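Dropping the structures in below, format is structure tokens.
Heads up, the next two complexes both have chain A, just with different partners, chain B and then chain C.
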Partner chain A sequence: MKYFMRKIVFFIVTIWIAITLNFILPRLMPGNPAQAMMSKFAQQGAITPSQEHALALMLGMPTGSLWTQYWQYLLHVCEGNFGVSYSFYPVKVITVIAGALPWTLTLVGLVTIIQFVVGTLLGVYAAWHRGRKFDSVATVLFSFTSAFPYFWIALLFIYLFGYILNWFPISGGYSGSLSPALNWSFVGSALYHSILPALTIFITGIGGSLLSMRNNMINTLGEDYILLGRAEGLSETVISIRYAARNALLPIVTNFAMTLGMVVGGSLLMETVFAYPGMGYLLSTALSNQDYPLLQALFLFITVSVLLANFAADIVYGFLDPRVRRGGAR
Partner chain B sequence: MVDKPSLTSHHEDSTSVQLTEKVRKNPHFLSLLWANPKARIGIIMLCFFFAMAIFGPFVAPYSLADTNFPTSQTPSIVHWLGTTQSGQDVLTELLYGARISLFVGFVAGAIVILIAMFVGFVAGYFGGWIDDMLSLLMNVILVLPGLPLMILIAAYMPSHGIGEIILVMSITGWAFGGRSLRAQMLTMVQQDYVIAAKFAGERPLRIIFYEILPNMLSYIVANFFGAVVGAVLAEAGLEFLGLGNPSITSWGTMIYWAQSSDAMLSGQWAWILAPGLCIAGLAAALTFVNFGIDAVANPRLQGE
Partner chain C sequence: MRRLKRNGMIVATLGVSLVALTGCGSNGNSATSPSPANTVNASQLVVGVDNGSPTFTDNFNPFAPGNRIGTSYIYEPLFFVNTINGKIDPWLATGYQWEGNKKLVLTIRSGVKWNDGTPFTAKDVAFTFDYLKQHPSLDWQGLWKVLQSVTTNGNQVVFTFNKPDVPAFYEIASTIIVPQHIWSKIAHPTKGLNSNPVGTGPYEVDTFTPYQYTLKRNPNYWQKGKVQVKKIVFPVLGNNQTAALNLSSGKWDWATLFLPNVKQTFVSKDPQYNQYWFPPGGIVALSLNLGKAPFNDVHFREALAYAINKTKIAQQAEDGYVATASQAGLVLPGQKQWLDSSLPNGGSYSYNLTKAKQILSQAGYHLNAQGQLVAPSGKSVSFSLEVPSGWSDWIQSAQIIQGNLKELGIQVNVSTPQYGSYSQSQAMGQYDAALTAYGGTATPFTSYDTLLNSKYTAPIGQNANADQERFNSAQTNQLLSSWRQATNQQIQLQDAYQIEKVMYQQLPVINLFYGATWSEFSSKKFVGWPSASNPYAPPAPYGQSPLMIMTHLRPQS
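Let's turn to the complex of A and B:
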């Protein structure tokens, strides 16, 4: 129980830190991006005093003491009020994000899970047949592919499958003639458009899962209980899956947040290349327009998604490994 | 926790004279590393990229400033990798770009490992509330997604350049190394020679850097290479998003320009392929060397 309480507290603390970072960063930097933003807004047209006030709060214009600003900021974040987007003026930031989040969550979430399962199973296989052909080819090949920048693979895919072979669409999340709805033509079009992005995440991500599982598994295979299992004459499948793989999986679950953080970071860049209508594409739009309210909110939503997934992994870990629940060895 | 014994401790008593051990250890370690096929591939690749960074500008076919070629050419005999949208030779850019990319990667990696060493050692050596605080800090940074955090910080920077990129990566990248060095330090402080040194009244700094550090060298080197891999990939990502200085030639900015001028839709495959392959090759080379270090330092992975 103590373990779960600790994880819940850590989860809340990290979210609070992410929000606070968002508040502090613009105020730490020289040159006040807020001022620049305000003048840009003024150029675009008149803004009402209340909008100006909200913007000022969002961007850190000095109104009131730092503490009152901070409390107001926290309140606004809790209400989901992130201000107005500059690049999609006058749409609210929260509305812009609500349109993009489902795309990224489904694509990146699903492919990450598939990639993790396939990579881990291949890792078990490679470790079990260590030194054989598959293992030697796979370790060299996948340490190479896991070093590929996501956006670079995406660019090559566009060139190969979009430009040369003309098999897949090269940009967007669905055909331009359709509008988002739950019918077959739209879902089919969305699936068709997501093949290249999904393949990008799969190919660059799978190496990491395979290699870390393989190395953990080789460590586990040296344990005495594996030797005992062999001495007892247990079948290869039982030893490899139920004895070795289960234990080798534990450190991977612990490192889940970092792995996920890397996949998410890479996927965001990949979305930019494919103009996929998710968070990553929004991120690059926000960057090129210096849309700080949108940028802040994007960071917060991406972070909270990763933290939630990590929190879930921590809870799963608690059930997988009875030692941590009893507060024993970590 | 798998104990990673130092290389010589199989053969010798760890309390034997430290100096002779230190002198003999390095060549021993390097020859072991060279004997590992993966590490050998990695070292050769690494030497290639270093040669490219050092001699690249001398062997480049044209001048970097020369923008008088026909624009957006596909590879030909005159321009092996084609030309850019502003009429530069892509091969020349690639050779010059090696300097910036390697420089940023290794400098950022060095800063990252120094911070990681400092925080990890202090946390692991002193323990108690210092460890609790520093561990919390490391765990928080580790769960925040790295690239989005770097993007956020870089976006607020008043100017974008090499210095800013190195700074952003140093602030955000040290936690992983810090945590693993802390774990390593935790097992080290319980060893007899450290306890003996404490009783002999040596100062903590001396114990950490003269007694413990030499026994963790392989571990630190592995973490350093890991940090450089992270820095090289993060640099490429930031530059690709335009958060670097686009007028500086590096592999990351090359891809940025290739993407922004739709190189893949005008058939200029070499302009995209070459810089990405260099980035991936550099990262893979460092990973291979790390495989070798791991195999040498961890007896369970030996015999590969």
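Let's turn to the complex of A and C:
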């Protein structure tokens, strides 16, 4: 029990630190949002001196001492009030995020899980049959695919399947003639638009989970308890899955939890290339416009979800591996 | 983000995307944009210009900074001012008259209606300006610093100034007019989304989805007969690469993209119809911090002007799309009526390394043993040149300058900070050198005033709204002040000539090349686009040009 209590206290403290850092960091960045916003207009024509002043007035720059701003910020975070976004002015930050989160969670989340499951299973298979044909082909092939720069492969797919063959739409989350709604034409259009993005993340990502599972598993296969299992005459399936794979999976669980936590941040490159309406695109918009309120809220979402996922992994770990719990209790 | 709006299109395309889903093996692309790619819809224009983030917010609020670009097809100004040549066309106002230099009288067009059917009157005009006064955050041009009152007199609107500011006419002329019967009830003008905009313009909102919106013709429009494009479609722009694919595949009819090798990447895809026109829209210049040595030495600046190969910059960094800029500070050829013909060589400094070296040595500069340029003060000359991160053509220009100045023994470090930091270091005067853009305004006065008038500047370390290079000349201030007060064209011209001389001889900034307005369009469906031979408006699908262009386009016969 002590183990879990400790983890909970640790979790709460990290959250507080994260929230505080989140307050400080944007204020350390150079320039102010009105200037950043001007950059958009600067590319569209001349700027007169009064314009920046007018913008600053409109956006309502933070006032008061840092201390007051901090307390106000803490209070607002608890209420889920992140203010008005600068780049989507006058829409509220929370509304902007609510519009993007489902897209990222569904597409990036699903692809991450599928990629993990498929990659891990293939990794188990490759390690078990190491040195054979599948292993040698898969290891080389997936080292290769996981080294592809994502941007390059995404643009290649767009050019090939979107532009030359005209099979898939080249950007967007759904058809421009539809508004989000729960009906077949919309869901269909969204699915259709998600094929290319999903495929590109899957291809560039699967290598990582396959290779790490394979290498872990090869390590565990050299352990004494595998030899013992063999000597006791356990079936190959039992040894490979319940002894080797289960133990090899332990470090990967943490890794996977982290990745799941990061899903909330979206896939920045994918979403930028495909103009996909998710969190990654929001993040890049917020960054380039110095949209502090949106930026803070996004970082907060990402940090909290990574911490939550980590926390969950710690808890699960405690059950999966009794040594962790005992180690603390002594 | 708001959804669920006018649902005509939704029903119509229900079938389309289902077909797309099942038949994605063959020709599923119909789902992205149901009309242009496969069946050319001759009555609608598809414009790739509005970038959602990545989706659109249903915001047609003319006062909100992040509004949809389509907003400028809906609201109109009093005059259309062509920033290319400064030509003024009557729009919601039919004429203007200065009475002295502190009173401007506009005559308002009769017979104009708002798109909800309410008549447009002079009262709406006066209301709009009063509205800006009540909400200083809307007064982007700072009009109420010089205005005293705006009153109506029948179909006339009278602007009274508290001090003479004749060029303010251009700002009044281009102010977007909003209806009193709608906005008088809105207390927080920028807080609302304004999804159903009521304007006098040629178009009104038809359908809206987060990835695409369409505008249809305003049935009450005062120049109804001139508007022949029935529908305008704005899809999400997306990133540069996909936007270029959409344009070259013919899905879009009009876009404003920087395309490398435009003849190959765009025109050659459909040579009969695909066209582009990249007119100069401003000046890109090297700004040197005049508050620091050696930049405060005019000889040093003069040497730099000769040592920088502007032709190479225009050719390499800008793909040869732009011309080198005259040092006079005018955007030529559009503003040629302002150019003092006595300036040598059209006011240009041509590349001449020998001359640059000669000027430096005459001014007491020399090279040390390491080949570095040493100023008369004994300090070796090196500086950093700031360009916003990601502005690749500017970065390339900066690198060419770096190479050029190496020939003089000057070490230049090109730094690429984020825009916010770039703009801050200029405002505070903490930079050494930076590339910057100015000009392209309807009257050169505005450009000169913001560039040179030391009343906007501030000491180093304090925020300067304009004149960020910290030029300070009593003579120039005097000239600007005389120009500001002059309603007489001849006096304006004389002041302009004097200021051009200042620009040419004192080099407050070193002009490099003209920044272009990117515009690619297809005449497959519509003809009558602006061109170099008929520059009736800048060819941009944003700003106020669309009002002029949409009243010029007619169907390809």
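We take it that the second predicted complex is superposed on the first by the 271 of 330 C-alpha atoms of A that agree within 3 Å, B and C clash if a C-alpha of one lies under 4 Å from a C-alpha of the other, contacts with A are read in each partner's own complex, and residues count from 1 in each chain.
One rule holds in what follows: a residue touches a chain if its C-beta (ideal position, glycine included) is under 8 Å from a C-beta of that chain, and two chains touch if they have at least 3 such contacts.
Small disclaimer: the values here were computed from a predicted structure and weren't measured.
Colleague: Please work out whether A:Leu25 is in contact with chain B alone, chain C alone, both, or neither, and reply first, second, both or neither.
Modeller: In the superposed model, A:Leu25 contacts chain B only, not chain C.
Colleague: Is A:Tyr125 touching the first partner chain B, the second partner chain C, both, or neither of them?
Modeller: neither
Colleague: Answer with first, second, both or neither: which of chain B and chain C does A:Tyr159 touch in the superposed model?
Modeller: both
Colleague: Contact-wise, after the overlay, does A:Gly188 reach chain B, chain C, both or neither (first, second, both, neither)?
Modeller: A:Gly188 contacts chain C only, not chain B.
Colleague: Contact-wise, after the overlay, does A:Ile302 reach chain B, chain C, both or neither (first, second, both, neither)?
Modeller: first
Colleague: Thinking of the overlay built on chain A, is A:Thr272 touched by chain B (first), by chain C (second), by both, or by neither?
Modeller: both
Colleague: Is A:Phe116 touching anything from chain B or chain C once the two structures are fitted on A? First, second, both or neither.
Modeller: Neither chain B nor chain C is touched by A:Phe116.
Colleague: If you stack the two complexes on chain A, which partner ends up touching A:Val140: first (chain B), second (chain C), both, or neither?
Modeller: first
Colleague: A:Phe168 contacts which: chain B (first), chain C (second), both, neither?
Modeller: After superposing on A, A:Phe168 lies in contact with chain C but is clear of chain B.
Colleague: Common interface residues of chain A with chain B and chain C?
Modeller: Common to the two interfaces on chain A: residues 29-31, 33, 155, 158-159, 162-163, 170, 272-273, 288, 290.
Colleague: Considering only the defined contacts, which chain B positions touch chain A in the complex?
Modeller: So the residues of chain B in touch with chain A come to 2, 38, 41, 136, 139-140, 142-149, 151-153, 155-158, 176, 229, 233, 236-237, 240-243, 255, 258-259, 263-265, 267, 269, 272-273, 276, 279-281, 283-284, 287-288, 291, 294, 298, 300-301, 303-304.
Colleague: Name, in rising order, each residue of chain A that touches chain C in their complex.
Modeller: 29-33, 35-39, 41-42, 44-46, 48-55, 57-58, 87-91, 95-96, 98-99, 155, 158-159, 162-163, 166-181, 184-186, 188-189, 191-193, 195, 271-277, 281-282, 285, 288, 290
Colleague: Could you pull out which chain C residues touch chain A in their complex?
Modeller: So the residues of chain C in touch with chain A come to 1, 3-5, 7, 9-10, 12-18, 20-21, 24-25, 27-29, 31-34, 52-55, 57, 59, 61, 64-66, 83, 136-142, 145, 171, 190-193, 207-212, 235-239, 241-242, 245-246, 249, 281-282, 388, 417-425, 427, 437-441, 446-447, 450, 456, 465-466, 540, 542-543.
Colleague: Residues of chain A touching chain B in their complex?
Modeller: Going by the criterion above, the answer is residues 10, 13-14, 17-18, 21-22, 25-26, 28-31, 33, 130-131, 139-140, 143-144, 146-149, 151-153, 155-156, 158-159, 162-163, 170, 215, 218-219, 222, 257-258, 260-262, 264-266, 268-269, 272-273, 283-284, 287-288, 290, 292, 295-296, 298-299, 302-303, 306-307, 310.
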